[in-house]
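Two complexes come next, and they have one chain in common, chain A, joined by chain B in the first and chain C in the second.
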Partner chain A sequence: MDELKQVFLQESNEQLDALETLLLELENRPDDETTLNGIFRAAHTIKGAAGMVECAAVESFAHVVENVLDRLRNHEIAVTTKLAALMLGCTDHLRVLVANEAGVAQVTIEWIEGQSARLLTELGEYGPGGQVFATPKASESGVERIPSNRSGHNCWHISVRFGPDVLRQGMDPENFLRFLETLGNIQHMETLADVMPPAAEMDPELCYLGFEISLESSVDKQAIEDIFAFVRDECRLSILPPNSKVADYIELIESLPEDSLRLGEILVRVGALTADELAEGLRSQAVPAGAEPPETLQIGEILVAQQVVQPELVAAAVAKQAQVSEKKAQDAKLIRVPADKLDHLINLVGELVIAGAATSLLAHTRRDGELIESSSLLTRLVEEIRDASLQLRTVQIGETFNRFHRLVRDACKDLGKEVELVIGGGETELDKSIVEKIGDPLMHLVRNSLDHGIESPAVREAAGKDPRGTLTLNACHDAGNIVIEVADDGAGLNRDKILAKAIERGLVEPEAHLSDREVFDLIFAPGLSTADQVTNLSGRGVGMDVVRRNLQALRGTITVDSSAGHGTRLTLRLPLTLAIIDGFLVVSGNRSYVIPLDAVVECIERPASEHNRNYFNLRGQVLPSVCLRESFGLPGERPARESVVVVQYAGQRAGIVVDRLAGELQAVIKPLGAIFRHIQGIGGSTILGSGEVALILDISALIKISGQAEQRLIARPELRNA
Partner chain B sequence: MSALSASPANTAVAGAKAPVVVESSPAQYLTFLLGGEMFAVGILNIKEIIEYGAVTEIPMVPPFIRGVINLRGAVVPVIDLASRFGGKRSEISRRTCIVIIELTENDERQDIGVVVDAVSEVLEIPVSEIEPPPSFGARIRADFIKGMGKVNGKFVILLEVDKVLSVDEISSLSRIATEGVDTVTGGTPAA
Partner chain C sequence: MNVTRRAFTEDFTIYRASELKPRLLAAIGEGERIELDLAGVERMDSAGCQLLILAKREASAAGKTLAIVAHSPAVQSLIEFYNLAAWFGDPLVVSAE
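Coming up: the complex of A and B.
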């Protein structure tokens, strides 16, 4: 049962996501039938699944939602903005209910109940409730023909022929009919007296009556059948669900879990057929089977012939059966794996890479041709295994992006702004653990853009811009990194305001001269907010520094570009994976360092004539460079010939001067631990084939701190000789 | 139990019997030499003792961080205790060892290696033989000292490992060392 519930929780969350997306779509295209049907189906699936695992709270709430959706679908009520908002609220509430069922809700029961009550009242305005009770109770007038005032397509069709002995057993057919009324409205009833013999032969103790009844009711088939439970053996009863219900059943059939069920079981499961009816159908199937084997009827055909189900339902159930067996075949291709097993695998692959490197090093030192050959084959395979196992953990970022549709929509409503969310590069893949951790920072950035970035329509129009703002989320790969951009076409950052605030808070000296980029970087300082008002969304000044910290924890960076009046662009750079990278090994002062291979553009020999400068002429262009020996204060003399690794990072090129190059390698990233969390210029470490620990360079930070060190030397020359 | 702890402190015997005596309070200590002085740490924190070698230096960190070593596939930082206590770095000799100590700070487990001049032995020091730390005079920070153990009439400094190897403190110290660079804080030059 617990496992079943687990599946339910997971599936209902998926369905709720779908529901939300569809509702947002519906807002834009209120007349789209497909969307409407999709919404209905999602709500219905949730209800059905909740019923199956006996989550009464979810089921009953979903039921009310479904009723309103049903009316929408039948064009009894129209899609309005208010209704859509209410529906979204209901989706949220369902999510809470589901979470509560899982025991992970972060709210109290009282809150949930209060929320339920509030939403139910609001839903009541749209619900069928009032109208149903408003229709006249027509059945009281008698047992003769009652004209139907409705099209009848919402009615159950009950056909009952009471057995002759019913009265003798002390049961009055009229009582059953009255009881039936408690379930709903009898819209139409026809009394069949065609088996009534001439008056002379009539036995007053026998019952000759049959009824054809149209019942409008929301109960299920079993409940109706239960009414006739006492006379079940004495009468012929067939209950046909209402036409609208048929669609429900078909949907329910489609949404059944992928078990292999028999046809009859499927129908019973969704409530289109009761167990008794099925048993009877099977009995009659067995009889002809003995007599005339070739003409054995399918159970479906029998059931239709017995008028207990509609042919459409049988067709749907048959289709479902086919789908199940098809799905079975697909299931074999898709396996759900616990994340920690994958992590373990990645760790093992990491060890394998290191051990493989040790073996190939050994082979080369032994100069054993055959061993070198076999170890290079091994290395190739290990590389493939590494790539394949890292692939297992990657997911597309699109799903994360799509979640923002809702956020943007809600925020726009709250703020009275019009914003279009444009998503690009959703198919970009990155490590799942990074995706999980990037959600919150992204949310902060999007909220900031909506709240502070994009102006209200009036302001935009006054500035000659499209009143509808654009927020762009984009992702792409660049030099071994994932680049995510959050850009808006809003007002841009106000340089003077940020600077003024920063000075006010004592973050910068009043007389400091800062570049635009340095000023914009101040928005990441804790406690700095340029919003004049603290709103629901942002403005408390706690967001951006948290964003930056979270990104740094992922070895990522964030930069801001902004132009006044044209918008702001935040660029996030994240490593592709947290586990293994391709690296380029260099040696300086007898120490090995690894440069991420994706950053390496080319390697050149350091021209002897430019020995004392930290820039080179690279085919006519100036290439600023960092001398690793100087930056890291490594001991020993500079060798006569040095090499320069040209690296590229964030569109910038720089050279890194090293003693010698030692070739490519696969570097399994080993974190340096909490002690070194503030260290700059080093991204991590790795273990070489020799067992030696080599440091992985963080190119961007290295270039940055070298630049800053130079600035300091220029500002305070007395340090030069220190 | 009392018979055992009351037995004459024949150190070699006590060391050999060490695994038998399991008490809730860590009464057993590993003693080692550092700059001619005898120190001790509770053995429950100690994972292993390895020979000194193949330490990879980390640039731009305080001198008491010697670097990192490869401990069977895990990268473990190595601290020079003598330097951490404010003295010079230990000279590496044939007897220099790295003692791997397991720490738990902020719910995170972290292994840290410390460089010592020579490891001596495992001693059992009963609680009654431990004096409170002197307020000054030990030439190391008072909060680094857990107590002074009396062994054969001599004092051994029992170290408060959590303080000596505080990850928070060490990382902030290394931050100061790196962030002579930071424009906002300014000031401290990174030599």
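Coming up: the complex of A and C.
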């Protein structure tokens, strides 16, 4: 795919996203002008971009959509649910067309053509005068309309007198006019040669031709003018928009060299005016105008006076200019950067952090005060650079959330439910690479909630609840993680049903006693679905296990809370970034380990009395503890004084027993090789300033391990002192 | 009636316009009714079309009749595009399409 196409794909998708959002907004506020204009603009931009890359299929389809939108904008047709749904369908189809053009579509050409034809027929109902748009032929750009009976009032009127030299310059008026035909349908054309002098003076190489043309087309004035761009300076061109006032035509007549009456007749013939309008207009013009000479005129007014542009067009042009400069200002604030360049930068910053740490270490060993001072300044700057460069990759999650408006809307229509989507914490930022990977799991969860969680309005009403269900998407930061919640106020999980299904599938023993949370965790087991009916949304029993696996791949977790009759809440926890963390360095058995600093709550000395236990007493609170020395089977003697680092994760606290505390550091996470993937309790590795490798502890896994160890001991107390 | 018939086979284009103008005007001077046979004209552009307009106008001004009795496809196409067929008033072969 060439570069232009790539940009086209990206930009079109952005515009399509905007279009979709606006269409959804329009459903709620059908009279909002700004929204309507935004929709029209988005469609127009897509069409324009498609034209640039010569992508006829997208262009012609977008053109039809734009026509309908234009009528919508002009209040010729009203916004209805049906129309909004159709427009959303068109948006989807445009997406497919764009993807197809970029060579990434997953559907067949036949399917696309079928879909095009279907949508165009539907769109046809909204076309001018209920006219049906013809299906575009595969190879042809532009859309043909079945010509209606002469709709002169709907036509542009183009009046052009070619300059005498155009023929000599090798430009034939015929070519320009033929090209005009590509913009629309020439309803009528009158050729004028009145300015041709008597035979003796007539120079056969000069052009004496002029034309009055009535063009049926939905293009804008600029497009028509562009056709004459090459001869713009040579010719006298006036373009009157459709539905121009009679007075405008009269002015046109007067400004032209030919005899007014003859021109008037021509205009009547062309269909621009009726005979009565012409007579009336000419009469009123005969009254002399006031003798006040115009003072300093705006360029727009001058152009209007000279018949170059129409007043309404000037207003439109001014508005358009404002829009363009606004967009430019916005564009200037944003720079597109390829992701791999950013990744390279982050890598470099990572190396810089390591090198900085080495320098700082060296300064401390040398005991050189000035060097220490300058290296600490360096460290601070490096930290800022690190944060700033990581920021470059972060995006707000709101955009991901907003996509679900459409999903919820469509699913509600399919399922006959009423659901309101409430979004919170959309401004929460997280790494782009994570955002990309989290979209699918989130979609699964939202679908599940809609399909199984929230009941139908009748059932809800019977249960004394608001018939309109609520689905909440929320995001926030918590201890170096991002927490995303998907909550509904539906029926909640059916504990007995899940348990029965799990027993039936042999996932648990029939006599096992499981806590609520353990039972709910079963929904993540492969092949378990409690849905009585499989719908096209969900219920096939694949999904939740995939969701969990996807999250685990991102070092994230998912937990589920549910209460019967009140709803279900799924909580996802994900690391903010995958690259660099602030760490806390600890030493056990002469090996260094890094604990993510965000997880550290406090550090205390381990009382000698608690040496052989897997729990400890923190100001009266009993917390499980895990001894690194024991967990990892480290060699060497236990030191006389051990320390406990109290860590917190997902609301749970635990202590990690270590030999020695060694202070804070920045750790550039280097992923472990595939061989080590199954080791529990280790999340990655990093290189210290000294060049030594330190392992980064996976706190969530350690807490789990310590909890399990304690449970085993409770079950079999005789092991405790073994 | 004195009928003059002239057949043209060269292109009615800007390149030949200077040469064609005197020949056309000369033809008008030769008879009461001038018939132009343009069946052999392979190409015609706006300059050529303009010359035909001139010829027709001059003939009318002199009280004579100028008729194009045979059109080549190129001539017919341009005259139709410029919507001048009625003005010339010559019978044209309506194509089947």
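In this text, the second predicted complex is superposed on the first by the 502 of 722 C-alpha atoms of A that agree within 3 Å, B and C clash if a C-alpha of one lies under 4 Å from a C-alpha of the other, contacts with A are read in each partner's own complex, and residues count from 1 in each chain.
Rule of thumb we're sticking to: contacts are C-beta pairs under 8 Å (C-beta built on N, C-alpha and C of every residue); 3 or more make two chains touch, one makes a residue touch a chain.
The model shown is predicted, which means the values in this text are computed figures rather than measured ones.
In the superposed model, A:S374 makes contact with neither chain B nor chain C. In the superposed pair of complexes, A:I354 makes contact with chain B only, with no contact to chain C.
By the touch criterion stated above, A:P204 is placed in contact with chain C alone, chain B being left untouched. Greater residue coverage of chain A by touch, when chain B is weighed against chain C, goes to B. When the shared chain is aligned, chain B comes close enough to touch A:I687, but chain C does not.
Common to the chain B and chain C interfaces on chain A is no residue.
Residues 351, 354, 507-508, 591, 631-634, 670-682, 685, 687, 691-695, 705, 708-709, 712, 716, 719, 722 of chain A are the ones touching chain B in the complex.
Remark: chain A residues 167-168, 170, 172-174, 177-178, 188-191, 193, 196, 199, 202, 204-205, 207-209, 211 touch chain C in the complex.
Contact residues on chain C toward chain A in their complex (touch as defined above): 14, 17-18, 20-21, 25, 45-47, 49-51, 53-54, 57-58, 78, 81-84, 87. Looking at the complex, you find that chain B touches chain A at residues 54, 56-61, 65, 67-70, 73-77, 105, 108, 110, 112, 167, 170-172, 174-175, 178-184, 189-191.
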